[in-house]
Structures are given as C-alpha cells and as structure tokens.
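Each of the two complexes below includes subunit A, the first together with subunit B, the second together with subunit C.
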Partner chain A sequence: MEASSQETGNEPLLVVNDLKKYYPVNGGWFKPPSELKALDGISFTLERGETLGLVGESGCGKTTLGRCILRAIEPSGGKIEFLNGRTYMDILKLDTKSLRDLRAQMQMVFQDPYGSLDPRMTVFDIIAEPLTTKSRISGKKLTERVAELMEMVGLEVKFLNRYPHAFSGGQRQRIGIARALATNPELVVCDEAVSALDVSVQAQILNLLKDLQQELGITYLFISHNLSVVRHISDRIAVMYLGRLVELAESDQMFEKPMHPYTEMLLSAIPSPDPDVKRQAAVDGEVPNPANVPPGCAFCDRCKYAIPKCRTERPELRALQNNHLAACHRAEELSLVGAV
Partner chain B sequence: MDDLLKVEDLKVSFPLFKGTLKAVDGVSYSVGAGKSLGIIGESGSGKSITARAAMRIIPRPGVITDGKILLDPSQLKPEARVETWHGSDFSKPIDLAKMHPGGAALRKVRGGVISMIFQEPMTSLSPVHTIGDQITEAILLHRTTDKKEAKEIALEMLDRVRMSNPAQRFREYPHHLSGGMRQRAMIAMALSCNPSILIADEPTTALDVTVQSQILQLMKDLQSEFNMAIQYITHDLGVVAEVADTVAVMYLGRVVESGSVRQVLKNPQHPYTKGLIGSVPQMAHKSSHRLQTIRGSVPVPIDPPRRCGFVDRCDFAIKGKCDVHIPALTPLSSGHDVRCFLHSDKTEAENSSKPHDIAGAA
Partner chain C sequence: MLTVASDTETLAIEPEADIANDDYFASQWTLMWHKFRKHKLAMVASAILIMLYILGIFSSFFATNEPDQYHQDYVLAPPQGIHFVDTEGNFSLRPFVYGIASDIDPDTWETIYKDDTTQKYSLSLFPKGHSYKLFGLFNLDRHFIGVEGEGKWFLFGTDEFGRDMFSRTLVASQISLFIGIIGVFLSFLIGSTLGGLSGYLGGKVDIFIQRLAEFVLAIPTIPLWMALAAALPSTWSSTQVFFGITLILSMVGWANLSRVVRGKTLELRESDFVLAARLMGVPTMKIIVRHILPSFASYLIVSISLGIPGMILAETALSFLQIGIKPPSVSWGVLLQTAQSPRALSESPWLLIPGIFVVVTVLCYNFIGDGLRDAADPYK
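Showing the complex of A and B:
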C-alpha cells in the first residue's frame, strides 16, 4: 500500500510491476523440465479513463496478460496494484472473498460472442447475473437496471426474455458488453472484442465502446491483433513480443514514428484498403518457439538492424523522448518508418 | 469467349424447413486467364457459396437452380486439356453447372483445372496423414501414377512455396507446423497439379498480419510463375486492394458493385460499398476519427421479398422504388457496374432475360 501515499489528483488506476507467468514444460526422458515464459517481467500503468491498446502476434502473451490482471489466471510473480477508492490493493495478495468483491470493478469482454454467452440463459439472466451476485439487488430495481443497461448498449428492451441464439454476432457482443458494465466497473478488459465481427458491425461496436467510455469514464485495456482497430480506439499502445513489452507510446506517435524494429515490421505488414498506397512489406521469419527464446533480444533473428550486442544482451524497456518507451539497444540511432 | 471462367446468372438455393434460402441469387462475373478477381462481402453475403459452386462442392442441401458456369478449354494449360472431356470440342465453352457433381469429368476439373485453398489450414488438412502424403495424393490422381515421381513433384512444390527443409516437412504432420507453414502446405497441395484457376477462400483471415503479408506475397509470386487466375474471396478490403485486379462486392447473394480495384475502392458508388469502406479503421486515421457505420445487420435471405436487399440499412432508400423493385446491375462507366436506383432506374425484371457481363476481362 506504499503507493497510496502519493496524494496527487490523478493517480493511475492500475500499476503492473514485473508481472510474470511461467508455465512448466515437461521434459522428456533425457530432457530436464523447463519453463515457458508466457509473461516475462511486464510493467506498465493504466491511467483512469484511458484506453491502452495491447497488440502482438498470436502466442505473444496478450491474452495471458489480460487474464492475469483479473487474476483469472494465477500469475507466477510480480505485483498488480489496483486503485480501489483511495487505496491501492495488490490484487495478487487478496483472498478469495475480497478478490470477488474487487472483481465488480474489473470486467471482461470476450472475443467469441457465441461461446461467451450461456445458451440456456435469457438476456435478462445474463445481464442480471453479475448484479445479483455482486450488488445483491433484486425485484423491480433489478429489472430497471437491466433495461437501462440494454438501452445503454443499443439493444431493444423488448428482447429481454430471448435467448442468445436469437441474436446476431454484433447484438450478442452488445449483450456481453452490457454484462460487463452491469456492476459499474472501473476497468474493462476487452480481449479481441471485435475480431469475430464483420467490418460494418465492428465499426458499430467500436463506436459504442468509445461512447460508453466518454459517458461512464471507464478505463479499457483493449487487446487485439488488428493494429488499425487498436489505433482507432487507443490513447496509448503497448506492443508485445514473446511475453515482453517491446514498445509503449501514445498511439499517434507510435504510428508516425515507431522506435522498435518489431513495431516497424508490424506496421509494414498491414494492407491498406487504398489501392494507391503501395507498401513495402518487410516481413522476415516467424515467431520463435516461446519455450526456447534465444538469449539476448528475442527479436534479433528477425531484425534487419541487429548488431552482435543484440544476440548476447537483452535490451530492457526504457524511456526515450516524450514518454515513448522501447526495448531496443539501437532505438536512438535508428530512424524507423511509421505507417503514415 | 475471352474469359477463362465466366459465371452467368448463377443461383444457388437451400431448401430448408423454414423456406428457401437464396444464398446466391443471380451472380455473374468473369475471370481472365492469369488475372485476379476479388469477391468482397460480409458473412452471409453468399461469397463462399459462389466460390464453391464453381467446383460443385456446395454443401447439402444446396442446389444450383439456375445459371451457367462456363469454362473455356482453349485457354487452359495444354496438359489440363488432354483427356479431360472425352470427345469434346476445345473451342466451345464447357458448362460446369451441367456436369454431374460425382462424375469423372468433374473430378478431373477439381484439382486439375480449378483448385481451392481454404481459410483454416488446420481443419482443411487431415490430421492423421503426413503433409507429404496429402500432397502426393493429389499428384497421383492428376499427374502421374509413379509414386517416386509424385514424391519428387511434391518436394519441389514444398520448395516452391518457400518451406524450409522440404524433405523433413514431407514427413511431418499438420500439427507440427505453424499456421503460416500449414497455409503454405495447403498452397503447395493446391498448386501441385498446376491448375489454371485458384480459388482462395479467405486464405489469410486466420493468420497474423506479418504472416498474412508473407502469404499474399507468395501467392502473387506464384500467380505469375504458374500463370493462373486467382479468385480471392475475402471480407478484408486491404487484402483486395493489394492483390486483386477487379473487384465484385456482394451483398445478400447479389453483386451490388463491380469494376477495377481502383474504380470500386477509390470511387465507390453503391451505398453499401461506401459504408463498408467507411467502416474500416485505417492507418491514416487519427485516433479521434469516428467510424462510419452501416446500421442493422445482414438479414437472412429466406424467401426474400422482391426488393433491393440493402433497403433496410440504406440511408438513401427511395420509397416506392427501392422497397418494391430489384435494381439491375447497370454500367456506370467502362467496366464499373452498380446495382442501385440512385444511378439507374433499370429494374431486374426488365433485364433478366439477358444476363449481364460484369467485372469484364480485366
């Protein structure tokens, strides 16, 4: 609780420090067991009311990070401090009961609008469930609150007693959002919340998420593999590669002037819907096996700027100009190409 | 006939308990030899069924109720022509829609003339056969009966799709490979019989952007190497802009707009195409930009009423016109066709006797 002594007006909502999640990998007969480092020392802060986008290729640990913050997956080490009222609480030290109480403040929206809703519950039951377990309201008040939530996410209240199968993908995602907002959370983790939707519906949901943030002052951790979507919704963006953050910056800044070669590669790979934009895709190699990460910089085998130092010494995430963080030995000397 | 594959007024419907689902309702397009056509559409637009119809692999209970799928044998590669259609005249187009779906002639077309790659390489490859076995199976069916030779061809194909260490990959199972490598294996399989047309149904949707850009580059390289026509089916406008020469935008079983990539993506005329382009977040947008949306969602075309399919979601719908007639696909400028009453008063009925040619010869 030492952080609570900072009595400034805008303390961060969430402070993640050196978060780790290791999975044991069984060895063979002649192979010793080892560890797969899904998260390897992640540190960042989330300001109240902002959206932090989290991008990376599949297998880089984005989802693990999102779930560790809610302690849906038990992290192996580190510290996650959440501002609850006026005091910071270390989520990892909470017992089951206080964790359950705190979870009303932290909710999640999932990728799959089909798998994340119970097909045997009506919309009312789905949205009311967090209210009855966490806020313990019932009767007329409960019905009113559910109706209010449905209106908030753009669903017609008359659909209250229908089952999820009667809704389209976009509408189901709205139900998922209403459920997440039911307890008035401070933090909503959106794990690929729009990836399964068609573009026209995706735009509706993105606009809805933005509107809700303005209205309710929610903080989002927005996890996605789609960089254009992340840029659209985020104030700041964090790029992950093999369990580590490699770059963190304001979103316009990162797109205009990336400081890590991996970000440059990701940006170069996005096809533009404008046929006049000719991009120079410079993508090389594939993500190495996370159970066998090379020493030094994990990206060095795919990096065209690598120097011998990169193969031996692991670069730490460090601050460069204007709150721009990057984990690259050569961040200052390289001038990398952005997307605009 | 100047196009390699020409689909005319194709209709596919699924007789269901609730009514007839018209998945494809009068689609016409054509692909020139060595060219790429991109078919854009959201889920439920009928784009995948259209693609499958060309190979006659529509899932049951779907049936082709009308239309032609014409293949011009004179433009096929010589080795694909031989023996393919016994006694048929190579100067006359062949209608695939009339062939028996289980017949020997059509089996020669599948794989040998038209080949297909699918979205999810893990589910479309057999998990219990090695990569090598799966590629040689197709080669043994179409190209040679000698197993040794087939293996050589398969290894060469793996090398051509830039797989590292082909000899080892040949013996491996799909679960040994990463998503990008599996997609490469599938491309190797599809190209192993040197097809003239490749249908790629969402080939990169399941892949990361970095892998996607590698696979698209590979497909472009192989297209010129093998001189084949590619029909891309995708919902990703970025992919289409990158690889296609001509584009057809589908909505509810119909083509609503078609033309060259530049015509359609830079100068969209149909309200749906405009909405679709406006709703894609783009790199050039600042984060404060608000996305344009199309309200509502794609309806299910079970016994659809005779009217423009987009009318319920359209901001420019004209009462008494859009909700009672189906607009016809009419040319706007050379090669650029639009199906909308805002641009032409022609209705489908006046025009239905004469199937229209869209997407041109590219």
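Showing the complex of A and C:
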C-alpha cells in the first residue's frame, strides 16, 4: 500500500482503517442477543484518479462498505480519512453540517436506475438538485451547468423537461451519473452501477465512466459482483468475503495469479465463451451465517486447500510480492489458477 | 471540451411546442388526469357527484317547497308525476302537473290521493316561490323550477307531516355530503400526522401509535359511536352537534389512514432517491417535503376518496339510530328515520328516496376511488 502511493508520488485520496459495522441481532426469548459483523476491520487506500473494484458474493458487505464510506450508514468503528484539499478529515468524526459540506466531494451512483430517480421530478430538477441544495448557483448559470452535464453523459439537452419515466434504463443511469457528477466530486462510489442493465448498455455505461474519469480525474470505488465488469474498469481489485477483505491486487495480477482460494473459486465461475473449456471447479458450499462466523478463516469450510491451522487461527490480510495482499495462511505455497 | 451554452436557448424552446399532449413531458398530476379520464365509470360518477354537490350547496334554490312547511292537506302524499300529454291527448311542450285530490277510503279510513285532471299547473323555470337566504347573505325568492300560484308539486311525495320530501332531501344532502368530506379531512390530519411520525421516527413512538391504531380498529364501531354520541351535551346547537359527530367519526377513521401513511413513509425512507438526496446534503425536512410527501400524495387521495363513503354511511347509520344529527337539522339518515316502521315502507315507499341518494353517493365515491387508484400509479 505504502509503495503504491510512492509510485504515483501522490498522497492517497481516501484511507480506510479498520472500518467496522456491527448490527445487533436480537435474540429470542431464551437466546442472548448477538452481533452481525457486516464489516469486520476493513483497511485499504484509494489513490487519486484510480478505480478500485470491489467484488464478492451477495451479502458479503460490499454495499455496506460503500455506504459506510459515504456515511449513508453509520459505521460502528474505525477511521475513514478523506483528503479534502491538503488536509485529511476523518469522515466519521464530522458533525452534520461539515459532513453536508463535504458531501459535494463524494457521490454515489446507484444500482437501480428506476428507484434512484424521484419519478416526480424532471430531469432538470434531478440533476440540479445537488447544485441548488447549497444554493451554489442558480438561474442561467444553473441551466447551462445542467445542460453541460447532460452533454457530458451523452444525453440530449432537449430532454431536460422530461420525467424519468420517459427514459430507458441506460438513459436513466446516465441521468444518475450526471447527478453524481454535478458537484465535481473527487470520489464516486458506483454501487453495482451497471448490474441492472443490458449487456450492451453495460458496456456503454462502463466506457462512459472510464471517459469521464480520464476527463475529470475522478476516483471510483466500483462495487460489483461481476468479475468481468470489474476487470474491464478497475486498476486494482479488492475481494471481500463475509465482511473482510481477503485479497487486494492489481487487476491483471489478480486475474492471472490469484493468491486466495476464494478468488480462485470466483474466477473459475466466470463463464467462458469457448465451448471446449471445461470448468475446473464450480462454486460450491454455502456462505456461513454472518452472525456466527467460525473462529478461524471464514472460508475454510468451502476451501479445498484448508489445513487444521485454518480452522483455529484467522489469517490477516498481509502483503506478498508486488503489492499483492491476501489473507491466507498458505498464500505463498499454493499456486492457484487464474482466469485468462 | 463542451460547447453547450450556445445550444441551450434554442433547445429550451423546442420542447414547449408539443408539451400539452406529450406524455414525456407530463408531470405526475397530468399523467394521473390522463389516465383517470379514460376510466369511464369514474368520470360518470364524478359528473353525478358534482351535480349532487351543486344540488346540495344551492339546495334552497332548487327546492320546490319550503322544506319545513307542513301541508296538513297532503300528509303522506305520493310523488307527483310530470306530464306532457293531458287526458284529452293534447300535447304541450311545457310540462305540467295535475292538482291533488284527496279522498278517504271507506274501508280503511286512509287518505287516498289522486290526480285531479281538471287542474293543470304548468312548470316554469325560475318561478317566484318562498323566499330564502342564500348562504345567509342574499334574500332571494326565485327558484330553479316549480309551479307558480296555488298549485303544489311534490316530486318525491310528502312525509307524515306533509313536508315536501324533495326539498328536504336536498337540504339534508348538505349535511350528509359534507360530513364525509370534513370528517375525512379531520381524520386525514390526525392520521397523516400520527402515521408520518410513526413511520419516520420508528422505535417506541411507532409501537405506541400503531398499537393505539389497532386498539381503535378493534373496537366495534357502532357501540363506540353510540357511547361517544351519547356523551355529546344535549344543549348543543345543531352546528355544534354536526361538528361533534364529525369529530367522533374521524376519531375512528384516522386509524386506517395512519397505517397507510406509516407504511409509505417507511418504504420511501429507505428508497434510493431519498438516500441520493441525503448524500447530496439535502436537509431532512426538505427531503420529507420534496421527496417523501409528493410520492404518496396520490395514495392519500385514493384512500381519502375511499374513506368518504364510509363516513357518509356512518353518519346515516348514527342519525337513523337517532343518536347522530337531530331534528330540526336534517340529514339523509334523519329523513330515513320516518321510514323505520314496516307500515311506512309498505304504504309510502317514497320515504326511502333519501336512501337511494345515500346509495348513489357512496357508489359514486367508490367508483371515483377505483378510478383514482388505477390512475395513481402512472409510471407502471
């Protein structure tokens, strides 16, 4: 992590340190209440202008992580430091007012292009809302800015007065992106931003996001369960399993040579267009109950490489060669199969 | 990189040309209206209701007789028909009514009314009749339609004191039609405030309010109304009783509405566009006013329009049981009191005409509610 920030010569935009989100689980009449660890000590950094892909199965905490970073959900503990200008601010320590001021710097693109736009507002009102919220601009300037944003995301400006119901899923997602970009944010969290779209439209939106990044230098945290999508857009990829990061590496490195058995399993599940390729390993087993995680490695019940140590001792995320991080006791000795 | 500014002016003007009939530019309410217009039953029902309300509001103008006037010679007279052709086969474009001749049945000693074909009274528009005060302001004596001079015209017959049922039904509709609206408005205020708090705050407040609503819903309504109505002081004026009854009805009616509001608030609080607004830094109150409330305004309108008939029926039931509106104020329920005995029903069925008005009104509201419900979700 340290090395990568030296490489670019910049300070990271976001430093997440030991982020935790626990949900209380109420017990029954005779059952004591327990805690569900949705996020259990997540640490990573985000370089300015990079895209970090975040993958994992449903329920592993991807969305929770994205929302905790934006403080849409209150985390239970940890530190999220955001580089605002020249100083780092701990997002979790901000009061309501300064958090509201910082909101312009961090935005979100949602998964559901239907539910994320207020159906009762015109496209103009939707895109203008973040701009007018702190009454930054108004009048002709506002119209110009909204028109500029619409052009930027590839929407025709004449649709300005239409309502969201008049648009297709892909167009709605463009509206959502325009809204997220309205305040020129540094960080955009894309929470499954293309999962609800057609494959052809997915590609369009992904390329749009890439182009915008090049133009505006935005940093993305790109959450998805689709590895191919993540590979297409990400510089680095983080793999999550049951509220913890299990692997974090450069995108190509992760695909070529995964260091965690879970990543190998995910990669093996990517469908191949070649009919002659036989699947080596199917994804099997169930994710353990997150309210009752086994003491050792959370993945050990599904892992074909598990040794007795895995059941008793929890492996920490540690740096291996080439800025490759993995949380596996046997990371060095195993030679795992990637995807081409 | 972006040369947009110059285009915006031309582009801003372009859409306005076809804005009126283009659904793409239609707001929520326009879409709702478009869809509602296609619901024929609801449109007919609204036309009938509007007519009923006009009749009610201007009841003294449309009344053919003074509603409280006793006609001793015409007790329990049946409805009088309107004729265009007289017994000799002469056609007159102007409708007329015959005079009423009464006779005593020698066997039963009951009065029998017959058309007196020797007397013809033409109906005229805007005749001079009894004088009245419109809205308590204007002294008028012109009416919409009626007979002038000596003739009598009882379109719906008369009651046991010889009062004109038609005029009384119209006057009664004032209370019956408006008690629904006012009652629902009150329960809307109570219900949406409590429901909104319950949904938005959650936790203990939510539990308390919802259990209270369930408690109210669990009490059988008629005994509850009876108990509450019995608590109204007998010295109250008719206006006070009217508002007292409305209050009683809405005390019961809010519970259902509060659950609707709570459910929608809960649902929308978690919706993505509300989260998006929060992430933009929009203050909480603004989120509620701008995003949450408009989102279920249509649902509220539907449940309100479906709530009004319940109120009207409740008032009718209460008044019919003589614990609601009391004479000399009249509502449809009060008028129906006279039709309580089986004898009245068999011999003077026209006393039930106010009941038809109740049925028509309730049906109309239900049809409109149906139409609104279909129209409320124009995005599906």
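Keep in mind that, in the parts below, the second predicted complex is superposed on the first by the 326 of 340 C-alpha atoms of A that agree within 3 Å, B and C clash if a C-alpha of one lies under 4 Å from a C-alpha of the other, contacts with A are read in each partner's own complex, and residues count from 1 in each chain.
Going forward, a contact is a pair of C-beta atoms (placed from the backbone, for glycine too) under 8 Å apart; a residue touches a chain by one contact, two chains touch by 3 or more.
Predicted, not measured: the structure shown is a model, and the values here were computed from it.
After superposition on subunit A, the partners subunit B and subunit C are accommodated together without colliding. Once the two complexes are overlaid on the shared chain, A:Thr143 sits against subunit C while remaining clear of subunit B. In the overlay built on the shared chain, the residue A:Arg100 is in contact with subunit C alone; subunit B does not reach it.
An angle of 70 degrees, to the nearest 10, separates subunit B from subunit C at the C-alpha centre of subunit A in the overlay.
After overlaying the two complexes on the shared chain, residue contacts for A:Glu215 are found with subunit C alone; subunit B is out of touch.
When the two structures are aligned on the shared chain, A:Asn207 is found in touch with subunit B, with no touch to subunit C.
Of the two partner chains, subunit C is the only one that A:Gly115 touches; subunit B does not reach it.
Superposition on the common chain places the nearest Cα atoms of subunit B and subunit C 10 Å from each other. Interface residues of subunit C facing subunit A in the complex, by the touch rule stated above, are 1-2, 4-5, 7-8, 11-12, 14-15, 19, 23-28, 271-273, 275-283, 291, 294-295, 378-379. For subunit A in complex with subunit C, the touching residues are 70, 72, 99-101, 103-104, 106-108, 110-112, 115-120, 122, 129-130, 133-134, 143-144, 147-148, 151-152, 157-163, 165-166, 176, 179, 183, 215. Taken together, the subunit B residues at the contact with subunit A in this complex read 42-43, 178-181, 208-214, 216-217, 235-242, 261-262, 265-266, 275-287, 289-295, 297-298.
Listed in rising order, the residues of subunit A touching subunit B in the complex are 57-58, 168-171, 198-204, 206-207, 210, 225-229, 231-235, 251-252, 255, 265-277, 281, 283, 286-287, 339-340.
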